[in-house]
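For clarity, chains are labelled A, B, C and D in written order, and residue numbers in each chain start from 1.
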Amino acid sequence: MSGLVLIVGRDLRLALRQSADAWLAVLFFVLTGALFPFGIGPEPSLLKLIAPGVIWVVALLAVLLSLERLFLADYEDGSLEQLLLSPLPLELAILGKVLAHWLTTGLPLIAAAPLLAVLFNMDMAGLGVLLLAMLLGTPILSLIGAIGAALTLGARRGGVLIPLLVLPLYIPALIFGVGATDAALAGLSARPDLMLLAALLLVMLVITPLAGAAALRQALE
Amino acid sequence: MTEIAAFFDMGGYAAFVWPSLGLTLVIMLGLLLQTLRQLRVRQRRLADLEAQGAQRFRRQPGAQTSTTGRQS
Amino acid sequence: MHRFANPARFTRIADRVLPFVAVAALASLGIGFYLALFVAPGDYQQGESVRIMYVHVPSAWMAMFIYVAIAVASAVALVWRHPLADLAAKASAPIGAGFAFLTLATGSLWGRPMWGTWWEWDGRLTSMLILFFLYLGHIALMHAFEDQQRGYRAAAVLALVGVINIPIIKFSVDWWSTLHQPASVLRLDGPTIHASMLWPLLITALGFKLYYLVLVLLRIKSELIAARLRALDLAKLSAT
Amino acid sequence: MALFEARNLDCRRGGRDVFAGLSFSLPAGGALLLTGANGTGKSSLLRLLAGLLRPVGGAILWDGQPIDAEPGDHAARLHYLGHLDAVKPVLSAKENLRFWAALRGRAASIEPALDHFALSALADIPGRLLSAGQHRRLALARLLASPAELWLLDEPSVGLDHASVGKLAEAIAKHRAGGGRVVVATHMALDMPGAEPLSLDALAPPPLPEMVW
């Protein structure tokens, strides 16, 4: 456990000293979100309707943007093979890195989401559920993304490959995440969608360490 | 309408039924032909290389295994 | 394991089996298509357009079957490192992608007269679209590395992650499509299938499966030769 | 005392046989010096011994147990130094070293390790400002910062000045005197008395176009 804390601590420190990377994702999130009114027109009722969907899709793309550097720097400077040869199980090391990734990408996106909600004239009654769904959903994005990032290490055009591998797997999280918010906005119970998101999170918490470890091991062979 | 024309008309759905079947044939045949062509190209290259290899390794005993593969 | 697996023996067995499978595939496809076009009745609701079903549904079955087959081969390759399993996975993926594409295209052609649009975000078609994307990712990853071994391993891990996720994706898409549209009156496979339609369907499906078997054997054979060519190139490299 | 041995190792990389039938045994305090031309598999052998790579044939045993039976245990008893130094540019020399030592969880001695490789004065300098030789010394300091029985060193003296190479030889001698083992691949002269040479030149398989998967 202390090894996991060490890894999270190191990655947070690294992210803090290169904070431009974290800001980039948030900036991308807000800017891309702000493009939609230009694309479809500033009609408030229309924007209100599509707000949860747009916020989720844009969050997903912002996470996608940050995935490549999840393992790449460690892979290129040799840290990854040292990590693999440390007594800490690789599965735990991956969880640590994913947790750090979420803290530096997912969490800032959640913090910025209310801003987009305001820009899209979203009914503030749904804001709580939106944030709760993102709290459950963005870790899923980091977890699934980690598998894609690990698989593409050393690949030609790795950065372009990640979206192709990861986006189809993101669809359930997108569906339940938007579903929860839409349900809340329609005055229905968001509970089923939130429960499904939580279940998906648990499933990925098991799959990612296993698949990620297999992927990293073969990448370092 | 003759029987044959009626058959080809597919009850007015000809524009959808025939392209479906045609596309199926095109894709299935296409995959098969691509596979066969690739197989032939590779077989030919292998034959060429092995002819060269046989010359180069003629004086080394054991080189014959190259044509039959390793026997378990 | 590796050391004892014998490519020559595989090729020998494949060469012996192939003619029989090819004839069986041709026969069942011929009979299946004949029954589908001339014998099977039209649907009282969908009329003659129902004949698209005889290519659409077997394609969909094959697309799903082949992904599972790839996942099984991937598990074998990762656990026992049997090289034939790697080749089987690599050989299967483009065929599966072909069937997934065929399912989408025929679904669209069938949907046009039924729904009045070329594309409907219907649960089944949407799931198939995602499966098609999964195939594309698998193929791209397989070819993304200089070292073919890495391509095999990475694609194998992806296939296993994919096969675990497919039921989740399927469930989520069904959840989503029932939420956004009332259950559609017309389902692409019909609620129940009469025996006069079922037999042609099953025979065509058998033909598709045998066709896949022929193709996968040929492609594995071809991959074996490709691996041998790579080895020869490398041997030449280290000999000079 | 446990024995570290390799039996009949076959190694294949990228579809090419690198070496075949490699065996050795290394007692406590022993040193193995790998020699051989480029491409004969010195680095591959070290990666095999570390457990990063799996052999296609043969076995690597520690005290009679295959190393992949308990990969965590094997990782805990070795230090592997590859071509890459694993130095983070935004962390200071000390922070870099402290992380790796803490991860191994044993009694860490950061200061003496930095001191041995003359890095004490640079302890608070971020990695990006250090030179290539200083990176290498920092990587070598990992060996001393936390104890491990087996050192696997791939060209450890690359980029080092004369004095540092001496320091490295000194560290290896001390490690061996305490019962530690070391396997080194190097092109440069490194003073290791009593080291057993292992040439990989003779183990290269013939370049016959054998049927390969």
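One rule holds in what follows: contacts are C-beta pairs under 8 Å (C-beta built on N, C-alpha and C of every residue); 3 or more make two chains touch, one makes a residue touch a chain.
Please read all numbers here as calculations on a predicted model, not as lab measurements.
With centres computed as the average of Cα coordinates, no chain lies farther from chain B than D. Between the chain pairs C-D and A-C, more C-beta pairs are in contact across A-C. Averaged Cα coordinates give chain B a centre that lies 49 Å from the centre of chain D.
Here the spacing of chain A and chain C, counted between their Cα centres, is 31 Å. Distance between chain A and chain D, defined via averaged C-alpha coordinates, is recorded as 37 Å. In chain B, the residues that touch at least two other chains are 49-50, 53, 68-70. In chain D, 208-211 are the positions where the chain touches two or more neighbouring chains simultaneously. Residue positions 5, 7-8, 146, 149, 228, 232, 239 of chain C are each in touch with at least two other chains. Chain B meets chain C in the complex at residues 10-13, 16-17, 19-21, 23-24, 27-28, 31-32, 35-36, 38-39, 42-43, 45-46, 49-50, 53, 56, 68-72. Chain A contributes residues 147, 151-152, 154-158, 161, 164-165, 167-169, 171-172, 175-176, 179, 196, 200, 203, 207, 211, 214-215, 218-219, 221 to its touches with chain C in the complex. Chain contact summary for the complex, chain A toward chain D: residues 2-3, 6-7, 10, 13-14, 17-18, 76-79, 81-89, 220-221. Across the interface of their complex, chain D is touched by residues 2-3, 5, 7-8, 83, 146-149, 224, 227-228, 230-232, 234-236, 238-239 of chain C. In the complex of the two chains, the chain C residues touching chain B come out as 4-9, 33, 42, 47-49, 51-52, 55-56, 59, 94-95, 98, 101-102, 105-106, 109-110, 112-113, 211, 214-215, 218-219, 221-222, 225-226, 228-229, 232, 239.
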